[in-house]
Each structure stands twice: as C-alpha cells, then as structure tokens.
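Next come two complexes, and both contain chain A; in the first it sits with chain B, in the second with chain C.
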Partner chain A sequence: MKLMLKQVFGSGKFVIGFVIFLAILLTVVIYPIFVPDAPLKIISRGTFLSPGIYVNLYDSIDSATRYTLITDDAEARRVAGRLSDEDRAKMREWLIGNGVDEAEIDGADTAQLLDLWELNFDPTVRLPGMTNADRNYYIRLTASLEGLLSTEGATIASTNPETGALEQSDIVNQTDYVHVNEVANSRLFILGTDNFGRDVLTELISATGVSLTIGFVAGIVATSIGLVLGLVSGYVGGMVDQVIVFIMNLFTVIPTFVLLILISFSIGQESRGAFTIAVVIGLTSWVWTSRAVRAQVISLRNRDHVNLSKLSGHSIAYILAMDILPYIASYVVMALILQISSGILAEAGLSILGLGPRTTEVPTLGLMLNWAMIYQAHILNKWWAYLPIILVIALISFSMNLMNTGLDQVFNPALRD
Partner chain B sequence: MKGYRNYFLKQLVWFLVTVVVAFTLNFILPRLMPGDPVAAIVARMAQGMSNATGVQAVYEQYTELFGTDKPITEQYVIYIRNVLRGDFGYSISQYPRTVADVIQSSIWWTVALQFPAIIVGWILGNSLGALAAYLRKGFDKVLMPISIFLSNIPAFGMAIILLVIFAVNLRWFPTSGGYQFDMVPSTSFEFVWSVIVHYQLPFWSIVLITIGGQAIGMRSMAIYELNADYVKYARFLGIKDSKIIRYVFRNAMLPQITGLALSIGTMIGGALVAEIIFSYPGLGSTMLTAVLGGDYPLISAATLIVTLMVLVAFFALEIVYGLIDPRIKAAQSE
Partner chain C sequence: MKFTRFTIVALLLVALVAVSVAPAFAQDTLPRNETLYFNGQQWGSVVGWNPYSSNNNNAMAISQGDNARVLMFETPYLYNMLDGQVYPLLADGPFAWNDERTELTFSIKPAAHWSDGTPVTAADVAYTWATHVKYSTPTGAGNVDYIDDIVALDDSTVVVKAKLNDDGTAVNPLIVQAYVSSNYVIQMAWTQALEERVAEDATAFLADTAEDVVFSGPYYKFFTDDSKVILVRDDNYWGQDASMWGSLPVPKYLAHTIFKDNAAGTTALQAGEVDVSQQFNSNVQDLWLVDGLPISTYLPEAPYGIGASLPTAFFNLTGSSFGLDNLAVRKAIAIAVDYPTIIANAMTNQSATFDQVPRSLMNPTPGEQALYDQAAVADLQWAGNDIEGAKAILDEAGIVDTDGDGWRELDGQKLSYIATCPNGWSDWQAAIEVVAAAGAEIGIDITTNFPEWSVYQTVVTKSDAPLPEGYDIFMMWSAGAGPTQPWGRIRNLLSSEWLGMASNWSGNWGGYSNSEVDALIQAIPSVTDEAELKDMYTQLVDMYLTDIPSFTLMYRPQSFHTVNESVWTNFPYDGDGTEPPVPPLDLMDGWSVAGLYNLELVNP
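Here is the complex of A and B:
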C-alpha cells in the first residue's frame, strides 16, 4: 500500500492533477468560513456590475479624516473619465471643420484635446450643415467642461427639517481624498455580480461545491452499478452474462444524453432536485465501467488463486470481493474519477437545456451558465458572468483527466513513455 | 463476399433490435414516472386558467391524445402506428404546427451541421495524432498539451468562447441564427451566403472539440503500433519507412473508427448543446423551446429522432468498418 502510494505520487501528471483538484476542493471548503453570505443572496440592484471595489458615496463624504493629495494630472483624469468616445469624436469633428490640422489632433490624449478646444472653440461659429441641436450640444459640452475645470469644490447641503431650506454643511475640495479602509461601507466584487445582482465569486464557489457533489454522487451510482454488473456477468457467465451483455450493448448505442433529457423532463420541474439529477446521471452512465470490469474479470476468473478459493467452498460474493476485486480496484478508481468529471459535464449540459436541478438555495455550475446564457452575458460582453464558470468546469475536468492518465501509467506499465 | 453478407445481416438485425428498444424506452420512460403525465401537462398548461370546465376540456383532450385511459399494451400499439405514419401529434408551444412539421424544419440543419463537422474533426484529429506519433519531438510536445487542453473544454464552453471572440469582439461572424433573420429561405445568392456565414462558428466549435480527443487517441494507438513486432520485422527486412507507415496507420485507424461509432452519441449530445449557444435552428434549439414551453409531444419526438440519428450513424460506421477490416470477413466466413 505504501509503495503503491509512493508510486502514484511519483507520477508527475497525477501530482499536477491532484494539486489542482485539491486547490479547488480547499477553496470550496475554506471560502464559506470567511465569507458566510448565502450564495444566492441578491446584493445589488441592476445586473452585471463589473468586477471591482464599490465604495459607499455617502459614507465617503462623511468619512472622519480627509487627506489632501497634490496631483498634477487629477484634472485631466477627471475630464477624461467624463468625456465619452462620442464626445471626443464630436469635438474632433468640430475642430477639423474649423481648419485645425487633422494630424495634430490625437483623440486619446485628453490634455491636448482640451487645449485645442479652449484655443479654438467659438460658440458663434457655425459649421456648414450644423443643426441647432448640434450647436446647443457643443455649448452644453463646453459648459460642462468648464465646470469640471473649475477649481471650486462641491457643496454638500442638507435640508433643514423645519424650514425646508437647504443649508450648507460642508464643502468637498477637488484635492480631497479618503482612505478606502476608513469608509464604513465598501464592498469588493472580485468577479462582479450576475444577472440577478448576486456576487459571482460567492455563487461560483458554492456552485462548484454542489457540482462536485453531483458529480460524486453520479460517479458513485454509476460505478457501483457498473461494477456489480461487470463482476457478475464476467464471473458467472452463461445465460446471466448474455443477458447483461445484451443490455450493455443496447446502452452503448442508445445515446445517454437523450435518455437523460427524456427522464429529466418526465420527472417534472417540481421534483428535480440536485440529488435526483445526480442519481439520474449515474443511472444512465454505468455502461463503460461495466464493460471494462467484465473484460478484466474474464481474464482473472481462471487464475489459480480464484480456482483455489472456489475449491475451498467460498461463496461467489466472497470470491468476487476478496479474490477478484483487489485486482481491478485500481481500474475502478480510475473509472470513478472519469465518471465524476463526466457527471459534472452532464449536469451542465442538462442545465443549459433548462433541465437542470431546481434549487432555490444553492446554484450549480450548469445553472449559473444557463442564467448567464438566458440573460445574454456573452453577447453583452460581461465576461465575468460566464468565463469563470467555463474555466472552473475545464479545470475540474482537466485535473481529473490528468489524475486518471497518471494512474493509468502507474498501473499499466505498457503505457509508460 | 459471403462473409461480409453475414456480417451485414448480423449488424442489420442488431440495428433493428436497438431501434425497437429505443422506441420502447421512449414510450415507457415517461409513463414510468410517478404521477399521471397528462395531469402534470395539464397543470403546467392550465396555469392561470380559472375556468374549471376549460381545464377539464384540456385534460380530456390530452387523455385522448395520449390514450392514457386505454391499457398500456394498446397504447403502445397506437404509439407505434402513429410514429410509423409520422404522426407525433400537435406541438404545444408552437400550437397550430404539428410536431412532425417542427421536427422536419429543424432536423436538416442539425444533420447538415453535425455530421460534416464530426467527420472533418475526426479526419483532422487523426491526421494530427498520427503526425504527432510519427514525428514525436517538437511537434508532439506542442500538439499534445493543446489537444489535452482542447478535449477538456466542454462543447458548450468552446461554443461560447468562439462566439465571444469571433462574433462579439471581432464581429467577423454573426452571433446567432442559421441565416439572417430578415431573410426568407430561398436559393438566392445572398441567402446561401448568409447561411454559409452563419454556419462557420457552430461548425468550427464542433470540429475543434472533436479534434482534441481524436488526436490523443490516434497518437497512443499509432505509438503502440509503431512499437509492434511486425514493424520491427519489416524494418529488419529493409522495407521502406513510407511503406511501413502506411500499414501502421491503417492498423491504428481501425480502432479509431470503432471509437467514433461508440462515441457518436456523446458527440451529438454535446453538439446539440453547442447549437443552443448559437441559437442554430436545429434540433438542439427545438429541444430548448420544447423544454421551456413544457412541450411534451415535441420533446418526446425530438429525443426519438436524435436516438434514431445516432443509431443510423452507428450502423453506417459498423458497415464501413466491416468493409475496411479484412479480419471481420475472415471471422464471419469460418
């Protein structure tokens, strides 16, 4: 046993796969300890907030200490943040129309654009073909630019509850800063929020846990059925074998995904829990395990130690468990690993079709992807709503495949490079 | 030729048996589920209906449609007779249309998309895998990690990634549909061009997925064959390398054909989901609308058709396999 473990962990592929898998597993276990929020708690109004830190504006005005920082480019940045690409294009258009050399204008360089604008803009000049609305737009734009460029601070006022008049309470200068940590309320969304306004990271980690569980349950169910059928049909032989082989052949040809769709749809949405889905996936995916186990058992059943056991009067169950199972245990573990990863994929596929588990407390990877697709996160370019999910699925399946290949090379010397 | 005929007949009988079983499963699985399927469908349909007689009428119509008041054997006979006539009843979600009509308008999109894509992916994957096995060294070192990585991205993931890169960001291809939405199907040049443009992304996403797994399989098959005794013997005899290679790859190819036959069901399942991502007007999207609309007759018919497609593909591959592998003929004529 010790030697075997040493051999297994000597395989580079297995170790890499194992480390990735362990990292995913640990994240799933540890993260909820630090962030105990319910994974499906709706935390923002509006959909698809982009990843980043959200600081409470009210609290930051109220924040105890303000710091004055002396920065040269603050103004330019402020204007750059306000000027949309459309505004820039319009300004460019006006400048070119008024004889400024096109090569001179760099739309991306805000400071230069502003200088040119201040130098050249004249609200009374009309370009040929310019409408009144355009003219008003330019005047408004100039006014707002001037507002931005002024050095006065913003006035904070509150309503007096008795008179209803505004009373000045504070002035915020343009050079005032607050420390993020001193603001009472700020929130970090590493992966933004999803279409319902939930924190994607919390949701994703919880979903990974649920999907792994689904994969695990499906894998256990499938491997158990496959193992029992394979052992019995391989060892007993005769009529029993023929019947089981017939069933196996049928289920290899009839696509399991279609069976899954049919069963999931028939179960009905009400009773389609995560556990039910896992069991259904397991019930439809045992064929490969049983085939392979049967082939191995057939090659084992006439070995001397098996015959000896038979002569000693042991029961079939005893022989299968004590004399045959240990020889195929490594194979069964490998099959289980593959079943787990294909179970996770099957759940994701079903969920995209709208046949995934119906849950109100926990998400699954497939359901998250389904929501992202329904709300068109991919078309709207909200990468954080779908890309991490695909990545996690790919990582899980990649790590499991690596572990499987590594084990295969350890237990099948013929495959070693 | 006698040996091959035996093989062919055996495959044909097996094909018919699986078709019958698939039929039966399609019939019996929904009926095995706890509860009255008709009641469940009516409950879903009658959401928001306050008129009790109306609900009753719907219930009776579906009882008649499914024939659930008759004994199960009689229902089965009626089911088979209806299916053979191509009568799957009316679609619920697209009501005035019959299920047969809905399926007919989507099946060709799926057939024209998936089979070419799987075959192209298979050929490319096998060629790359064979090359990797033969050249080893640099080519192998680059190709293998890429293949392993590709084969681990689920089909829908690949579809989304391609969609985001080439349709949303680069805008080379449209994001969804089988042709431009404001066009009427015709044989005009514009329409055909639109179909071709819309075809690219779904097609290549399926091809890429197929390549990964096939290349890995072919590589290990070919390496195994390259080390076989007959290759060493042929080398001792001084037979030219190019000639040996031809034998090696022919032998390595055979298991790959069986592998394709055995995995075609899984591939089509994955490709159906990829269709949904691109809103391609094939069976995958039809299934999605059926699921969303609680369209029982349509789901049942769609699953049956997909199963039949897979069975036919499997049968065809087995036939081809019998033609290529001389051992099969020999085994059958003994």
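Here is the complex of A and C:
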C-alpha cells in the first residue's frame, strides 16, 4: 500500500492534478468560514456590478479623520475623468457645425472650451447628420460638465426636520481624502455581481461545492452500476452475460446526453433538485465503465487463483470481491475520477439548456452560466459573470484528467516506464 | 468527347453553386439605405396573410387590437397611447355618437382605395363585421355581445349600432368605440372570393393563407422564408394623398430577420443590422454608455420607455392555498417584497419605480394617472421592502411562530407557499425569485418553481376549478394602453365575470370576487361625466389596494423600442416636437406608424 502511494505520488502529472483539485476543495470548505453570507443573497440593486471595492459614500463623508493630500495632477485627473479627449473632439465638432470659428476653439484650454460651450450649446438645435443618440450624448455631457473647473469644495447640507430648511453641515474640499479602512461600510467584490445582484465569488464557491457533490454522486452511481454489471456479466457469462450486454448495447447506441435531456425534461422542474439531477446523470453514464470492467473480468476469470478459489467452494460474491476486484481496482478508481469530471460537465451542459436543478435552492456552476447567458453577459462584456465559472469547470476537469493520466501511467503495464 | 465526365462534373458544380448562392443573393440585394430592419416581432416563420385568422404568426403584417398594426391592413382610426386620442386613418374626420350613445357614425375618406385600385367603401366595413360574425372569428366572438350590427348608409357612411340593454342604453359604448381603432377593414370583393373558394366552410375560411389578399396599407409581402420577412412599399398607396399623410412612408423595405433568441437579436442591434428593436435588451444603457454605439431609447434615462402594462403577481384565492384567504398574510407578503430590486435587477431599470408612480390600477401614462384621486388612496399605496411593517401586521393578526422553527403558523399550520411563473421568461423569473426572498424575511416559507409555459398556461387559465398545488402566488400580465383602458385592464384584473370559465384568457386568474367592484366595472362604460368617472376609479383603486387580490411587480412598456441610428434617424423620442406626439411603438402600431413618414437617412 505504502509503495503504491509512493508510486502514485511519484507521478508528476498526478501530483499537479491532485494539488489543483485539493486547492479547489479546500477553498470550497474554508471560504464559507470567513465569508458566511448566504450564497444566493441579493446584495446589489442594479445588475453586473464590476469587480472592485465599493465604498459607502455617505459613510466616507462622515469618516472620522480627513486627510489632506497635495497632489499636482489631482485637478488634471478630475477634469480628464469627466471630459476625455474624445469628448473635447465631439464638442469641437458640434461648435464648428454650429458656426463657431474653428480658429477660435482651443481644444486643450478647458476653461475656454467650457465658456464657448456654455455660450453656444443648445440641445434643441439639430445639426445635419446628428442623431438622437448624439443629442442625448451632448445633453449628458453638458450635465456632467457642471462645476468642472470649480475650486470650491462641495457643501453638505441636511434638512432640518422642524423647519424643512436646508442647513449646511459640512464642506468637502477638493484635497480631502479618507482612508478606505476607516470608512464604516465598504465591500469588496472580487468578481463583481451577477444578474440578480448576487456576489459572484461567494456564489461561485458555493456552486463549485454543489457541482462537486453532483459530480461525486453521479460518479459513484455510475461507477457502482458499471462495476456491478461488468463484474457479474464478465464472470457469470452465459445467458446473464448476453442479457446484460444487450442492455449495455442499448445504452451505447442511444447518445447519453440526449437520454439525459429527455429524462430531465420528463421529470419536470418541480422535482429537479441537485441530488435528483446527480442520480439521473449517474444512471445514464455507466455504460463504458461496465464494458471495460466486463472485458477485464473475462481475462481474469480463468486465472489459476480464481479457479482455486472456485474449487475451495467460495461463493460468486466472495470471488468477485476478493479475487477479481483487487486486480481491477486501480482501473475502477481511474474510471470514477473521469465519471466525476464528466458528471460536472453534464450538469453544466444540462443547466445551460435550462434543464438543470431548479433555481433558488442552491447555485450550481451550470445554473450560473445559464443565468449569465439569459441576461446576455457574454454580449455585454460582463466577463466576471461567466469567465470565472468556465475557468473553474475547466480547472476541475483538467485536474481530474491529470490525476487520471498520472494513475494510468503508474498502473497500466503498457504505459509503465 | 474526351472531357464528357469532366464537363458533367463541372456543370454540376456550377449548378450547385448557383443554387446555394441564389437565396443569399436575393436577400443581400436589399439596398441598406432603403430598408428599415426590425427585431423582436417575428419568431418562427410566417404561416399566412389572412386578416380574418388569428393563426398567421405574421407579426409584421397582422396584429389587431388596442394598438392595431397598420402596415398592410388598416383600421378606420389610429389610437395614440401618448394622448389617449384616436386619429382618422381610413375614416374621414372624427366619429360621432348619437345623443343616446347607441349609434356611432363615421365616413370613409374619399381618397382611400385598395391595392387593386378600387375605392374603400362603407360596404367593406359592414361586410368585414358580418364576416367576423358569420365565421365566429375571435374579433366576432369578442364583440358580438356589444355590437348589434355595422351598416353602410351610403358608399361612404358607416353606422355602428350598439347592442342595447332592456332600458334602451348601450351595453358597452366603450367597446363599441374601441372597435373602430382596433379592427381592420377588409375588402368585400376579396372576402367574397375567398368564401367562394372555400365554399363557405368556416375551418377552411380561417385556415386559408390568403396569398392573394387585397389590402389598403402602405406595405405588402415581398419575401418570406424561415429566416426573414420582408415587406415592400406599395408606391400606389392611397395615403400619399394630401387628405392623409401627403407622402409615402420613407423606407422602401421593412425587413425582419427571424432571430434564434434575444441574444442574437441584441448582437444584430449592436452591429447595426437592426434599426428598430422590439425586445428586452438587458442593461440597454450600456449600449451607448459603455459601447458608445449610436443607440437610443424613447427616454434618454431610466425607465427608457413608457410603461403601459402592469405584470402582476396573483394570490390564489380559489380556496386551495391555505392561509391566502387571510388578508394579513396577503398584505404582509405584498408590502415585504423588495420592488426596487425587482425593477433594478429583473428589469434592469426599464420600469418606473413605485416611488415615481405609486401603485394603483393605472399604468404610468399621464392620461391614466389623472383618472384617479391620488391623495385619497395615498395611505394604501405601499412602496415595498417594509419588513418591519409586514411582521407587525402578522404579529397583530396572531400569525406567529409558535413551534420555533422560524416559520409562522396560522391556526397551528405552517405558512408555506410556492411562487411561480413560466420557465424561460427571464425577467419574470428573476422577479419571482425576489418575491420568494421576501417570504424568508418575514417568516413565511416561499419557494419558487418554473413550469414550462405549455403546462403553466393550461393550469392558470382554467378558472372553473380551484388552482392545483404549486400555484399559490403566480405571475400573469395585464392589459397595456388602449382605447378601453384603464377600464378594460381593471375588468380583467378584478371582475368576477371570468370565474367559472373553462378557458379564461381575460384575467382575475386568482379568483377574486367582490360584488361592489363588479357593479362599478359594469357601470363605468356608460359614464361620461369626468368627475363621476374619477370618483368611481378612485373607489376601485381603494378596494384593490385594500383587498390585495394581486399585486403589481413592475411596469412594462407596451413595446420595447430601442433604435440604432447608424443608417436611419429621426425616430420618435420624448420631446421630439411631433404633433400629435408619435408613440414609441416601433413605427407600426396605431398612431406610431406616423413615425415612418418622419425618418431620415443619417448620410443621405
């Protein structure tokens, strides 16, 4: 046993796969301890908030200490943030189109440009070739330019509950800063939020756990069925073998995924929990395992030690478990790993078609992809809503396939160095 | 003859290439500068062009109703959802009621003629109605209780006679009046030809694909297959007469590619392959704010369009949902729901909020909002997210968690519900998820379930028996903007006349019944005094918000209307100066067709 483990962990491929898989598994287990939020809690109003730190504006005004930082480029950045070069060019275009002398406009002089703009811009004027989209753009731009060059601070006022009048309570200067850690409320979204306004990272990690569970359940169901049928069919032979092979052939010719779609559809969404889906996946994907096991058993059943065991009067179950299974155990483990991996992929495939587990109960990787697709994340470039999920699926399959290949090299005599 | 085999192969190849290129050639030859492209209207291929049938699946040409689509067939009047008025199309001048409001008279424009050149006459209008009744079309069945007959006084004068009550008043003048802006006028001669062809067999009559149909509108069939529908302008269209539009509509072709789904439609809109988009594009503002595309909506800021209908969650009051007959439970759920999140996330802000337009039975248009006294019901208009208020209501009603499992019980039984809507209706599903989330906050167990539409619609529209398990809280639509609104919408939402119907496509699917409400709904169509109307509508809103048989989750536009101005411009927008204002209904429904005459090329 010790030797075997040493051999297995001597395989570089296996170790890399194992480490990746272990890292994923540990994240799934440890993350919820530090971030106990419910994975399906709707946290943002507005969909697809981009990744980053969100600082509470109200609290930052009330933050205990304000720091004054004198930076040279603060004003330039402030202006550039609201008035890009492209904006300047568009303003210039409008002004020229509206009869302002081209020589008069100095695009780089912000003050002059703003003066000219304030003097000339009229949202009701329609220049030739100007669209309503352009008009909306100029109106938005004009609104955002309000007070751009002001050097005054912003006044904070609150309503007096008795008189209803505004009373000045504070002034925020342009050089005021707060320390992010001193603001009472801020929130880090490493992977932004999704179409429901849920934290993608929290949801993703929870979904990975659920998908792994689905994979394990599906893999164990599939491998158990495949193993039992393969052992019995290969060892007993005769009529039993023919019947089982007939069933195997039936399942081989019907494409598994089509079968999976049909079964998922027919059980209806009411009863499609994550566990049900896992069992259904398992029930439709055992056939290759059973064929391979059967082939191996056939080659084993006439070995001397098996015949000896038979002569000793051992039961079929005993012989299968003690004399045959140990010889194919390594193969079964490898098959199990692949079954888990393909179970996860099958769930993702089903969910993308809207046939996965019902929503609201638990997130799964496939459901997250499904919702991201429905809300057109891929078209709107909201990469954080689908790319990390695809990466996780890829990593899980990759790590499992690596482990499988590693094991294969250790146990398969044909590949052994 | 050495090259015979080679020649045959070469010829075959040429033929193959010709066959495969020919259709592509046909579609690519539409000049971009003369073609206006749409999306979101047509799904699946066109079945037919028969204006009597409701199974044409021909969204571009045939859609009768409150805002009838008038590209190919025309109605006497055009409804304008922005000002609530009707404007004459085939009709000449406004219609007139007699003093008793039992007969409505209008005349046909002298200039109006069919595509075959013959004039549109009053006899066409009368024969269209007679045919609807004779073959029991949906139009006939829907109006036969309210319209007694439509007769032609002379070539141009039409009289619509209302069905009368025993006391000699019209049963429902509102529906009679709506008929003239909702239903097409179809040529008598063509109708008779069709009747002859099918030997007056009703099934064959409605199933006929009517490829030879005669029409009066500005566009007709150019090409259809399973990938697109193209209409072409009839340059002989009567409407270019000075008595109507004074010119032809600007685009020569109207084309609609049949997209696989919304995502494909959005991609085409982004690429400038679609000019007018009638589909839900989530986060539509990103198209111009982030992508910088020349795309705009009717309003420049949220809610981007004019809300017209009220997608609503119904409580099952048919007796099969334990505890929902208890007002405290209904009210607690309704006020606890986080509506701002529904609007921000499910609708991506493409709906007015309930702070902007407080809940009532009216849609957000100014015309409907003016129809009730907002101050009188202000106390009843909840804005949602009121968890503490909801808990207090339940506590007060004695509905508390007695066994400590975190869920409240009524008479010892745990309150547990399933909220549902059809699978794949993404914005509704997201909204229902938010409703379910509110349950957990107030100690009522609500889970979601999304059956397929085919199952869902059969269950929900069966109003002659209690709803089965799984339909405790379910979502359905309500009527949008139209000439009978808001009365028609209120009737659909609240009237008990739909109960007991085996197939109820009208409304009140939750099974609400209140005789006072019924009496008001019955009375309103005959009332013309504005103050009295306002008082009656206010009473209805009051009773609706008190009894809470259902609750509106969001406002939704009549049609989504997003335009890409890469090729065409001068689409309608709020404050565009058109008089009367052109509504944002994709340039084809009701008065919005006027927008087709205002279009300009960005680069002429």
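FYI, the second predicted complex is superposed on the first by the 353 of 417 C-alpha atoms of A that agree within 3 Å, B and C clash if a C-alpha of one lies under 4 Å from a C-alpha of the other, contacts with A are read in each partner's own complex, and residues count from 1 in each chain.
Here is the rule we go by: a residue touches a chain if its C-beta (ideal position, glycine included) is under 8 Å from a C-beta of that chain, and two chains touch if they have at least 3 such contacts.
Predicted model, so just to flag it, every value in this text is computed and none were measured.
By the touch criterion stated above, A:354 is placed in contact with chain B and with chain C alike. Applying the stated contact rule after C-alpha superposition, one finds that A:379 touches each of chain B and chain C. In the superposed model, A:134 lies in contact with chain C only, and not with chain B. When the two complexes are overlaid on their common chain A, residue A:197 makes contact with chain C while staying clear of chain B. Once the two complexes are laid over each other on the shared chain, residue contacts for A:120 go to neither chain B nor chain C. In the superposition on chain A, contact of A:258 is made with chain B only, not with chain C. By the touch criterion defined above, A:393 reaches chain B but does not reach chain C. When the two complexes are overlaid on their common chain A, residue A:48 makes contact with chain C while staying clear of chain B. Residues 268, 354, 373, 378-379, 381 of chain A touch chain B in one complex and chain C in the other. Chain B meets chain A in the complex at residues 14, 17-18, 21-22, 25-26, 29-30, 32-33, 35, 37, 40, 148-149, 151-157, 160-161, 163-164, 168-169, 175, 220, 262, 265-266, 268-270, 272-273, 276-277, 287-288, 291-292, 296, 299-300, 303, 306-307, 310-311, 314.
Chain A contributes residues 249-250, 252-259, 261-263, 265-268, 345, 348-349, 352-355, 369, 373, 378-379, 381, 383, 386, 390, 393-394, 397-398, 401, 415 to its touches with chain B in the complex. Those residues of chain C that touch chain A in the shared complex are 262-263, 266-267, 270, 281-283, 286, 288, 290, 293-296, 300, 338, 340-341, 344-345, 348-349, 423-424, 426, 429-430, 433-434, 436-437, 447-452, 470, 563, 565, 569-571, 573, 576, 602-603. Interface residues of chain A, counted against chain C in their complex, comprise 42, 44-48, 129-134, 136-137, 139-140, 195-197, 268-270, 354, 358-361, 373-376, 378-381.
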